[in-house]
Amino acid sequence: MTAAEVNAFLRQVYPELNGKEPDYHAIDVFPGGCTVRLEAGSRHIRPGGTVSGPSLFTLADIGGYVCVLTHAGADALSVTTNININFMRKAEPGPIDGVCRILKLGKSLMVFDIDIRNGSDGLTVAHATGTYSIPPKRIKTPG
Amino acid sequence: MTAAEVNAFLRQVYPELNGKEPDYHAIDVFPGGCTVRLEAGSRHIRPGGTVSGPSLFTLADIGGYVCVLTHAGADALSVTTNININFMRKAEPGPIDGVCRILKLGKSLMVFDIDIRNGSDGLTVAHATGTYSIPPKRIKTPG
Amino acid sequence: MTAAEVNAFLRQVYPELNGKEPDYHAIDVFPGGCTVRLEAGSRHIRPGGTVSGPSLFTLADIGGYVCVLTHAGADALSVTTNININFMRKAEPGPIDGVCRILKLGKSLMVFDIDIRNGSDGLTVAHATGTYSIPPKRIKTPG
Amino acid sequence: MTAAEVNAFLRQVYPELNGKEPDYHAIDVFPGGCTVRLEAGSRHIRPGGTVSGPSLFTLADIGGYVCVLTHAGADALSVTTNININFMRKAEPGPIDGVCRILKLGKSLMVFDIDIRNGSDGLTVAHATGTYSIPPKRIKTPG
């Protein structure tokens, strides 16, 4: 799956994630990982002008999901079992990129991490590690 | 602060968290913790009828914030530094309660955990542990 | 399995965990959890007289393992997939107790948490959450 | 500080970490991180020939400590506040390397992650993220 195919799939499966202009989307898919982007606007901002923690968490969760989709098959039923996220710097409105890396792709679990960076200055604002559970049947399904 | 005072404060500081009817609110405050509730409706649901991971993460984050507010002072500038969340069962639409416990309240950090349970059957659907950083000045400020 | 049976099993399977006098042992097993103890002596102490983080981590890991043993069957092949641990206070030499609670016991994963407390003053010194992977075959095996 | 200086310091401050031949040591220090090594022998092995989780956790903890030492000053009193570790593959006896990266070095907290890899095949066997608390006074002290 290409980034464009991923985005079409996300729009179909998770219509509530995005308004008319998608807030969250994939911008790159590569062997062993992907890059996802949050276009952080007013609905993601907290007092002080910082992008909210839940918005960054959502980006991490989507990054992991795009890794599953593109590396284990288009299975909308895989579920997140764990995410650990560290918030490190103020995340600023505008594009925020999450670079995801698959640490393990096993039969039933995928482990990934994601560096989340301000588009403006490239600084890491958050880092997360997570696990997706992959239902046994679907691992054989072509993506 | 009572739960009602907390909710008035949250509505003022985080107007974007809730629509006209608040989705997230405090229902109890007690020494060493609090209980927060998500009224999970269509905007929190994912395919398969499950409440989304980010919605449960938001509840965990708010639970920690209400603990800071009520035990360290009404400081809107305290920030989450880490949250680790495990998702364990399908979370169902309707009320979802998060019972928060302060594990440590230090000078600069507060550590808490939260059991997140379906209102319908009382089963734990997720569990999170998190840390809030408390800015030095405000620890002396009365809430 | 009783706590005594668990300790006999641990001594057999993990002889290297303990010297002649066992450092780590189970002191109680109950439905949904267990209590494990570290007898913290000089080999577990760091500069400043604090029990080391790895010693507390080992107690958390053993607590989860005792939960698997006693609730899913005596399967020496189950493995830890994730542990998140927060260190909160100085842990003191002497007995340190870990009270473990099973948050989920599924077909292939067990999620637990553990409160780790000084025996001396009962204060929580660390808290961990973890996941054990349970191999499919052994879930049916009687413990 | 060079890797050799770090190792001399570790031997002095943590004599219990290592036997006559050091099990844990720094092999490289570079701007923004370091590489640490566990020489995994019989005392680190679990049934099935796997290096134990606590041994890998100890490597992660030491990796973070070496980052603090070399980037924030030689302060033996800094303490770990949180570590989240994912175990992904069987870790094999022999050298196991942990490549550490500082994600944030703030006034009072340092956040890092570490990729832990088998020396034999270079595969990632575990990944951890952690936080060290840095006491206020010592941040100004030259290392």
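Going by the order they are written in, the chains are A, B, C and D; count residues from 1 in each one.
The rule is short, and it goes like this: a contact is a pair of C-beta atoms (placed from the backbone, for glycine too) under 8 Å apart; a residue touches a chain by one contact, two chains touch by 3 or more.
Predicted model, so just to flag it, every value in this text is computed and none were measured.
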Each chain counted as touching chain A and chain B at once: C, D
Chain pair with more C-beta contacts, A-D versus A-C: A-D
Distance from chain D to chain A - Cα centre to Cα centre, in angstrom: 29
Whole-Å gap separating chain A and chain C, where each centre is the average of the chain's CA atoms: 33
Where chain C touches two or more other chains at once, by residue number: 81-82, 84, 86, 88, 131
Chain D residues touching chain C - in the complex, by the definition given at the top: 13-14, 16, 42-43, 45-48, 53-54, 57-58, 61, 76-77, 79-88
Chain C-touching residues of chain A, taken from the complex the two chains share: 81-82, 84, 108-109, 131, 133
Residues on chain B engaged by chain C in the complex (per definition of touch): 84, 86, 88-89, 103-104, 106, 111, 113, 124, 127, 129, 131
